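Questions regarding the structure given below will be posed in turn.
Chain naming follows the written order as A, B, C, D, E, F, G, H, I and J, and within any one chain the residues start at number 1.
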Amino acid sequence: MNGEFRETLETFENQYPGRDYTIEIVCPEFTSVCPKTGQPDFGTLSFTYVPEARCIELKSLKLYLQQFRNEGVFYENVTNRILDDFVAVVAPRRVRLVAAFTARGGIVTTVTAQFEAGR
Amino acid sequence: MNGEFRETLETFENQYPGRDYTIEIVCPEFTSVCPKTGQPDFGTLSFTYVPEARCIELKSLKLYLQQFRNEGVFYENVTNRILDDFVAVVAPRRVRLVAAFTARGGIVTTVTAQFEAGR
Amino acid sequence: MNGEFRETLETFENQYPGRDYTIEIVCPEFTSVCPKTGQPDFGTLSFTYVPEARCIELKSLKLYLQQFRNEGVFYENVTNRILDDFVAVVAPRRVRLVAAFTARGGIVTTVTAQFEAGR
Amino acid sequence: MNGEFRETLETFENQYPGRDYTIEIVCPEFTSVCPKTGQPDFGTLSFTYVPEARCIELKSLKLYLQQFRNEGVFYENVTNRILDDFVAVVAPRRVRLVAAFTARGGIVTTVTAQFEAGR
Amino acid sequence: MNGEFRETLETFENQYPGRDYTIEIVCPEFTSVCPKTGQPDFGTLSFTYVPEARCIELKSLKLYLQQFRNEGVFYENVTNRILDDFVAVVAPRRVRLVAAFTARGGIVTTVTAQFEAGR
Amino acid sequence: MNGEFRETLETFENQYPGRDYTIEIVCPEFTSVCPKTGQPDFGTLSFTYVPEARCIELKSLKLYLQQFRNEGVFYENVTNRILDDFVAVVAPRRVRLVAAFTARGGIVTTVTAQFEAGR
Amino acid sequence: MNGEFRETLETFENQYPGRDYTIEIVCPEFTSVCPKTGQPDFGTLSFTYVPEARCIELKSLKLYLQQFRNEGVFYENVTNRILDDFVAVVAPRRVRLVAAFTARGGIVTTVTAQFEAGR
Amino acid sequence: MNGEFRETLETFENQYPGRDYTIEIVCPEFTSVCPKTGQPDFGTLSFTYVPEARCIELKSLKLYLQQFRNEGVFYENVTNRILDDFVAVVAPRRVRLVAAFTARGGIVTTVTAQFEAGR
Amino acid sequence: MNGEFRETLETFENQYPGRDYTIEIVCPEFTSVCPKTGQPDFGTLSFTYVPEARCIELKSLKLYLQQFRNEGVFYENVTNRILDDFVAVVAPRRVRLVAAFTARGGIVTTVTAQFEAGR
Amino acid sequence: MNGEFRETLETFENQYPGRDYTIEIVCPEFTSVCPKTGQPDFGTLSFTYVPEARCIELKSLKLYLQQFRNEGVFYENVTNRILDDFVAVVAPRRVRLVAAFTARGGIVTTVTAQFEAGR
């Protein structure tokens, strides 16, 4: 199922592969569903990456994230799964994903995962 | 007595043990009682940890912290005691606990303690 | 039981009864318990009143509010009940109580009630 | 269809009907779908009402609003429709609903509607 | 020329004409050109209106405002001209337009104009 | 004793007595002593007045307020006493004094008193 | 001398005299000199006016205010004097001037004066 | 075409070449056009550089950036292209360019690129 | 005289000497007197320390700081003197004191001093 | 001319030369004149230094900076020149000067320069 979702992601050619530069993309309107309670979860996903040969196409990233709208996933897992999809499709030099979820039961959770090529 | 409290904490299996990733949990509604004056204390506890085999289950953490509601404990001791309980049950690679208490006598106190496995 | 709580409230003589002046008191550390779920509630209570013959003594107000720490009460009822106690003991010309509770299930609730003498 | 949604709303008896007091409820996690583009919309709904015989039950309000998650509705219409449902079920003395939606095409929209009994 | 610009504006039928409700639309990305210096101006336009029979269609408003991108107009005139266009096309019960421009020569200017039907 | 303090206050002639204009003076460094506990109190005093024949001289106001540094006075009384001194010396058309004190026992208090000539 | 300064102010014709609209101009970089101590004063001047036949030209307002750079004037007087100059040259329907000066001796002063035609 | 734009940039001699010091220039009013949709883009460009023999002349930088007003360019490319122009004309010891664009489709993008002489 | 002041400071035993943890104490209500002008000074003192065998008792720290209320001392000296007293009584592994004073003559001063055992 | 200005700066003996401590001085009311346009410039100067044998006397620093009020100097040069004066008179172990100027033509500039003894 994971593989199906990532097919939505599209990329375009990095015009400046000779330079190590950083692209930060903040998506404040992420929502999925708690697999335990069926209640909706809300969060902000921030990708910070250094492109290699390809850059992520923004509209396709938006459509990719919208697929999680009615998907039941835990905070920790959805963060790692999205990072895996991003790495598989974009193959960046480095990428960090920070997923900051809104309060549940008065408790706020943020999950941060990263990938670095050749490590 | 310390041991009794920590029995409330529950964990679930870390699905991504191969990756060093960080989970930050902020609990702004912590309250205990000053052992000297009997007055209530209020604070925000922030856990930042890298899981090994287990992750903390959020609802159990909330119930664990609620046990301190009528418990008489000093700032410095409650911070270290909660860190000890977290380490004993979750056994993370690394964890830092920041306990920021509200003003008493016009003075604000924050206690920060950390643990790193294999150190 | 309501009557018992209010016995904690103390007042002192208003030294300037000839002038219509306003006293605002903000108590950000109110906590009680939800009668349905047993979960703790947290809120900020703000009293704004014009004294007649008596002013509220601050320390007694603090101790009065601490009595709700383990009391099971709904938001709407606790606000009206505290306003009733304040009016019964202080007998102000006017008083407004704003009770702003923290988020529960992602929803924030604020209850506002007022009293005016001779209305 | 409108009628079906409102059946989720529950109320409880107002214990202080003799007093004109105000309850403000802020729900920052509202989401629906644009009927034109199929894209998700996000917003914060704020209800401010003076109860008559009944108060709204918070959990039922939350579940009622979650029904719009996959519903296609325009900003202006969803605000008026929710106000109608609230009035039909709670029958308050007065109620104002402010629906503040996040930016679309760089433009932020807020719709405000109100109802007063006997007008 | 004024007339040409306003042809871009589109409306849709107000589904709740029986209720006096308010729609606020904030457009933070307005830009035009100073007719004196040729330098670009930047501002935020906020429309607050009560619809009669028609509501403004958001995308058409965005395209309408983009027509000013290379248009030479003074702050005071552009605000009044846009209000005139809005009134001519939407025919609202009431509308207020606040145009807040960014600093020029260290000076910040905001122009506010309003219209009320039947006055 | 009250009278002695006010002798420090100096005024200068209002050059624009024909116009009703407002002068706001904010003094964030007020400190006195609690007469009950001997502990220092801290607050911000804000005067907003419309002058008649005289304006307050700022440096003399500063020196006047410094006299309270080691004076034991309650919040409610010090506010009214300072207002009385201001009115006695400056004789303004209108004056409002807002005294916002810092938290004591987690509780913040603000006292507001006003005077209007000929009332 | 007052008259000389105001000769710098220029106006342009109000294109919309049939509408009562408001222009707010905020100048955060005003500076003059204290006539008593010779020390520089700094403040923000905010003009809010409804034009009659003429609007103020912004660049001339900026140059007019720069003339006070080395001028010795008291807060209260400079505010009233600038309002007089503005009224003499622009002849607006209404104008309010708020002059907010930075702290001196830990004390912040704001002077507000207004004019309304035909009063 | 790239070369034409950079001809607008002017420099002046660095008077303190013996010292490694930093100049930060923030331009919050950058606008270009999306080459795909034709819609305007808005952003804030921040240059932080250590000069070698020359410093950038601010007015020429402003005019240089205004050339992009009707230019169709992607976020990633415009950032790198502007950095290239800056390096070609100013030849600094080090320079970092942060380009923070406003939200599109609810997504905020920031591109950061840097150059260091002799690397 | 220095020695007399520090006798007020009390400590309690560190229950977790085996762990290197940090205690931050912020005291926003410090006041002393300028030895040159006799004018009161105000500031916020922040202690950040790692305890060895003893922790500072908060109430004694508050009383210790209150002794400076009518003491004439310069910013730079009072900061170093308080750090010396803290080190003499608490003997921490490390301590940093940040003393941030409010504006005088439009100028804000902050003094930071630190101590590390065994250096 | 540079030398004349610095004669205003005065110092006093550092009472704690044995400790490496930091003094930060923020002066938000700096103003000079643009040598090109004659227009006034405004900025905030922040000095952060570690004293050797002498500390800067604050009032003399204020008077020193006021000398630039009608002086025509570029941003980059005035920052370096003031740093040179500070080093010549105070001879600190280390000093950093951050000069943050307000917007000109919509562009904000900050210049940062530093000195370290023995480098």
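Keep in mind that, in the parts below, contacts are C-beta pairs under 8 Å (C-beta built on N, C-alpha and C of every residue); 3 or more make two chains touch, one makes a residue touch a chain.
As the structure is a prediction and not an experimental result, all values here were calculated from the model.
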Steps in the shortest chain-to-chain touch route ending at subunit I and beginning at subunit H = 2
Rotation angle for the CA superposition of subunit D on subunit F, to the nearest 5°?
-> 145
If chain centres are mean C-alpha positions, then the most distant from subunit B is chain G
Taking contacts as defined above, which has more of them, D-H or A-D?
-> A-D
Whole-Å distance, C-alpha centre of subunit C to that of subunit D, is 28
Averaging C-alpha coordinates per chain, one finds the centres of subunit A and subunit I separated by a number of Å equal to 46
Dist(centroid_CA(subunit E), centroid_CA(subunit H)) in Å evaluates to 32
Chain centre separation in whole Å, for subunit H relative to subunit F (CA means) | 53
Two or more other chains in contact with one residue: find those residues in subunit D.
-> 28-29, 42, 102, 104, 106
All chain pairs satisfying the touch rule are A-B, A-C, A-D, A-H, B-C, B-F, B-I, C-D, C-F, D-E, D-H, E-G, E-H, E-J, F-G, F-I, G-I, G-J, H-J, I-J
Please give the residue numbers of subunit J that touch subunit G in the complex, ascending.
-> 28-29, 31, 39-40, 42, 66, 69-70, 102
Within the complex, subunit B is touched by subunit F residues 42, 102-104, 106
Going by the contact rule at the top, pick out the subunit E residues touching subunit G in the complex.
-> 75-77, 79-80, 104-114
Parts of subunit F lying in touch with subunit G, wherever the complex brings them together = 14-16, 19, 21-29, 51, 55, 58-59, 61-62
